[in-house]
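For clarity, chains are labelled A, B, C, D and E in written order, and residue numbers in each chain start from 1.
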Amino acid sequence: MLEITNLTHTYGSGPSAHHALGGIDLKVAEGELVCVVGPSGCGKSTLLRSIAGLLRPGGGQVVINGTRVERTPDNLAVVFQDYSRSLFPWMSVADNVSLPLRRRRMDRRQRTGTAMEALAQVGLEGAAAKYPWQLSGGMQQRVSIARALAYRPALLLMDEPFGSVDAQTREDLEDLTLRVRGLHNMTILLITHDIDESVYVGDRVVVLSKAPARIVGDLRVDLPGPRDQITTRQHPTFVRLRAEVGRLVRGIPAPPAPAP
Amino acid sequence: MLEITNLTHTYGSGPSAHHALGGIDLKVAEGELVCVVGPSGCGKSTLLRSIAGLLRPGGGQVVINGTRVERTPDNLAVVFQDYSRSLFPWMSVADNVSLPLRRRRMDRRQRTGTAMEALAQVGLEGAAAKYPWQLSGGMQQRVSIARALAYRPALLLMDEPFGSVDAQTREDLEDLTLRVRGLHNMTILLITHDIDESVYVGDRVVVLSKAPARIVGDLRVDLPGPRDQITTRQHPTFVRLRAEVGRLVRGIPAPPAPAP
Amino acid sequence: MSGALRAAARLWPVPVALVLWELAARSAEALTFPPPSQIAASMHTMWLTGPPERLWLTDAALANIPVSIGRLLLGWVLAGIAGVTLGVALGRSPLLFRFVDPLVQFARAIPPPMLLAFFLALFAIGTRMQVSFIAFGIVWPVLINASEGARHVDRQHLDTARVFGLSGRERLFRVILPSAMPKIFAGLRVSLSLALILMVLSELVGSVDGIGFQLLDSQRSYDLPGVWASIVVLGVLGYVLNSAFLAAERRVLSWHRSAKQTT
Amino acid sequence: GSGEPAKTAAANAKGLEKTSIKIGALPIPDSASLYIAKKRGFFKDAGLDVTIEAVVGGAQAQQALIGGTLDATQTNYVSTFLAVSAGNKLKIIADMYQATPNSFNIMVPKGSSITSPAGLKGKKIAVNSRKNIGTLAVTSVLRTHGLKESDVSFVEFPFPEMKTQLENGTVDAAWMTEPHLTAVQKTIGAQKLADTMVDSTADFPIAGVVVTEKFATDNPKTVAAFQSAMGKAQQIAASDRKAVEEVLPDYTKIDAATAAVITLGSFPTSLDETRLQRVADLMVEQGYLKEPIQAKVILPGNPG
Amino acid sequence: MRTYHPLDSKLLCGALGAAGLFCVLEAAGRTGLIDPAAFPLASTVLGRAVALLTDEAFLSDVASTLGVWASGLLITFAVAVPAGFLLGTSSQVERALRPILEFLRPIPSIALIPLALAVFSERFDMKVTLVVYAATWPVLINTMYGLKDVDPLAKETLRSFGFGRSAVLWRVSLPSTAPFIATGVRLASAIALIVAISTELIGGGSDGIGSYVLESSGSVDAVQYVTAAAIWAGVIGVLTNGLFVLVERRVFRWHTARTEVV
């Protein structure tokens, strides 16, 4: 579904140029949920923007379903890291969520229905008529998640989507994401800082290095499904993977394999 | 130092009015670090803005060092939840950090020195000459932390200050906060969603209920200092407190006391 | 009722200014600056001494004021439509901007009085010429503001629109226009006052009616209170139009006001 | 003028109260003598330093007199009487221009169905300014043909615009003067309908130089010096057409060839009360003035 | 990384645009859409405009008009920006002055010329005053709209650090309003030029582009002169605007970097 080959990106030019991406190679199969982790400022958002066609890659290429990404591909949704600026302040919350649905063949009633359903899923059924600037930070973030989920894209890119909500809501949203993914066969790329989260929701966890970002680890998460907040997190594989991802993010070399 | 009595706040009026704060009573002693946790949208940011004098309380009062807060009190710093909007895009990162220092009796050289030092503490010595919009989300958040710490306020209010950085950086920032607090005897109120974090950095953890927010728990954290990311988090008190805070946030009643 | 009282109380500077003016004018005794009372008397005789069944409006009032307002509004609406359309196009298309912007800057710096000859040649004298002259003269603030507004849309908003695959139309109507709206309104407001100026100008040549015509007429016959009467009518008209405009703006831009309000 | 600073006293040997004068003039043949006086040094000889500034029309120029931007200005007598009747205190200090046959005509487009001024009933006539010499003169022609002012409508256009308006039929007739009279005949074949300077307006006074009463009383010697210089220039303009043709291209952008063929008015050499009274009387007769005015009051030395 | 494309050149595109307009007008004249007898052909006007360049009187008139323009704009800036801030930040002052300002604003400067003539004894002062009067409004209004657009969180940030009203004004409101003010000044610049020339044209005088036009009004070819002078007015407009844009680009990089079309 998604195939990234030797992707590089440099901000600016001359002596103040900043090498953000230093050659990324990544393949994501259809229906897969890949988590991306890496130190702050390494280039995760840059990678995401390149995939979304919002940034012209400096080198290499991004191919989605066989076609090279030149402009924003179809059937894509993004939850931006800067969620508050990505909501339109002149529209109500419900309108913000239902706006992209105009691209789907839906009449007005269906759009409203879908939007309300998505809002209910993120626990915001009461805020539909409000404006984004009347919401708390976490609520705004949930609106932007609801907007992406309601759209049911083939490819969903999420940039730290659960960073501003409380622990309980965060778990609910993680489970919601997993559920929706299963129902609609979405491919998801999720950037997160929470290592537990990356292992819990991901089919794979990709670890990026400091700038210029390169892939330093790509771990398959072999946890028995369906996942569950309590039992999964106690599973020994989970604990092992979590430690390994943590090590990779910190740049600590793997411990020598235990002697047999 | 800080004394909040029966603080209420209502957004809007009429049928669409929203009761955000439903009578908060809180006392914070000088030099204390109080963590505030609570469900998303409950009113934590509202509480913080009321303390900072940015919001006129609907009822009740906030008293700092014996004087009632009518307008923004002196010697205060805030790390806003929406950090990207609270940095000034027309100034370089270094200027953003050194701007509040004009309130301190410092000459230009001292200001620059202090700002650079603070930037180094959050790991951004290389970004001083850049502009905020040239930084990643996590880097912007760290700039706004650096700005607040460099100012060395008597009272520091932080609204989810470590939400956008990776796990490693987050731990470093937590320790930095504890260190700076100890050095300069700051009083800190820190809003967070991470329950572990609240117990790790806090002297006390205050738990708010769903809107209208009320205090449903106020736990003293009796952990042996100095705290340390690995040993402290394994301490039995830590584990117990974490579970208790988690329960309070979720609104689950406390389990019956174990039979003696 | 208390609302009306409060509104009246807010207008206190008006009588104060009037009294000061009256005193100053009486003591200066300059023919050019008659006291307000004399202007009011002149306004009364010019416009309000007609038959009661016509609300005391005189022929002069009926012949001049409504046509002027009509021209002004028509010209303003035309300028608004043209300015927003072209401005947004210029703001969103760098190529078009490169081609047309010098012409826009060129055209807007030409003093309208110098253009009268051109408009007289293009359209024969009459409402068509006057309205297009007004529209041409006042379109620039709307156009420039619309193009600035359309160019400076928050990039995050545009990116959002793009990733959700909004069509060009939706992007225009749901993202670009709303976010440019505050600037467009600022431009429309400047244009509305300019429209009054251009209306007067357009009535100075070859006209047979209108407030500008009457102003010129008073000037020609050295009737200075009459000149002032017309100026006052222009001011009042401007005030009324502007208040109506602000009321409309408050409705349309309510999100903007609330989103940007501080406590 | 004992208050004058010492250093200007040398230049000001004649004891003038004020030596440098700003005077407004319209760029039309009427003001030729001003330019002759300046060009030939008559003003300098009289001890005056005269600056000539372009103005738009009598009304505006008289405002500039009151404000002090101008010390004196060319004016048409109709405007002056109107201004005086409105309470302004003005004095005419020199006569400049007087109508001659065919210097101000009503023109109609080529092939117009209007063949006599009587045919103007209900028509639109272009004039350069309403309530002015133009409307006054046209009305007096209309009256000799049994029409009233209200039988036609006057529309204002600048002289250069009239050609276009005549041609595209916006107006049915236009009251014009030189050089435009000659130009419309040549370029669009417009035809003369009537000369407006006949009968009651024959040899009608057109333009003079006006100052405020205050200026005239404060600066009697300056006014006298100005008058003597103007007198000389008027003499030349009246007797030597070539002298006028010579200055016209300098200040009006009328080219020499046109200057040679246009019909000029005459340049009276003295300021005459009875001639001016004709203007005031005609204005009363046609309702431009509510009450009769004695022309005497606008001449220097008489109380306003 | 992109190869150079001729259409990237602003100068070339602008010239092409101007040439296009010229051709359209010339064609309109030649085909009789605009009667050449009523309005001269574009080529005739252009010829006249070029000829003006060698006319010393005209060049000194241009300099004089530019003097009025520059002084007027400078005073406007000095008056309107502080006034805009006063009105935009103090609702009491705004409410008190609003009725009077809104009454004054629509009064056309053109209608005020005769009155101004009666007040000023120096033409330069009169022109500058009228220029300031007319040019103030766009700067004032843009400043006020800009102040409404300041991000409240930015202001709160500074306030939370204990800065007072004036510091917030100076360090947040001013910089973030600056792009709006710049647009206002750019609008005002053209208006200042327009009013300067119109005042000369209607109020008379001995120097300035308007007076030059006035002096030629007796000519049979007056329309040619007016239009040629209008072309130069337009050219001055393009040049001064270009200057302002250049300065804005440099000063407001932070503004454009976050918003401009990629």
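The definition used in the following text is that contacts are C-beta pairs under 8 Å (C-beta built on N, C-alpha and C of every residue); 3 or more make two chains touch, one makes a residue touch a chain.
Quick caveat, the model's predicted, so the values are computed rather than measured.
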item: Starting at chain B, fewest touch steps before arriving at chain D; value: 2
item: Set of chains adjacent to chain B and to chain C; value: A, E
item: Interchain contact steps from chain C to chain E (minimum; 1 if touching); value: 1
item: Most remote chain, CA-based centroid, reference being chain A; value: D
item: By count of C-beta pairs in contact, the leading pair of chains; value: C-E
item: Per Cα centroids, the chain farthest from chain B; value: D
item: Centre-to-centre distance between chain D and chain A (centres being mean Cα positions), rounded to whole Å; value: 84
item: Euclidean distance of C-alpha centroids - chain C vs chain D, Å; value: 38
item: Centroid spacing, where centroids are CA-atom means, of chain A and chain C in whole angstrom; value: 50
item: Residues within chain A bordering two or more other chains; value: 82, 85
item: Multi-partner residues of chain D (each touching 2 or more other chains); value: 59, 63, 66, 158, 160-161, 164, 168
item: Chain C, residues touching no fewer than two other chains; value: 30, 32, 117, 120-121, 154, 219, 256, 262
item: Chain A - residues contacting chain B, complex; value: 11-12, 18, 37-45, 81-82, 84-85, 129, 134-139, 142, 159-160, 163-170, 193-195, 246, 249-250
item: Residues of chain C defined as touching chain A within the complex; value: 154, 156-157, 159-160, 162-167, 170, 174-175, 178-179, 181, 255-256, 258-259
item: Interfacial residue positions of chain B with respect to chain E in the complex; value: 49, 52-54, 72-78, 80, 82, 85-86, 88-90, 99-100, 103, 131, 133, 151, 153, 157
item: List of chain E residues in touch with chain C within their complex; value: 7, 9-10, 13-14, 16-18, 20-21, 34-35, 38-39, 95-97, 99-100, 102-112, 114-115, 118-119, 137-138, 141-142, 145, 148-152, 155-156, 179, 183, 186-187, 190, 193-195, 197-198, 201-202, 210, 213, 223, 226-227, 229-230, 233-238, 240-242, 255-256, 258-262
item: Parts of chain D lying in touch with chain E, wherever the complex brings them together; value: 24, 26-28, 51-56, 59-61, 63-64, 66-69, 158-161, 163-164, 167-168, 179-180, 183, 187-188, 251-254, 258
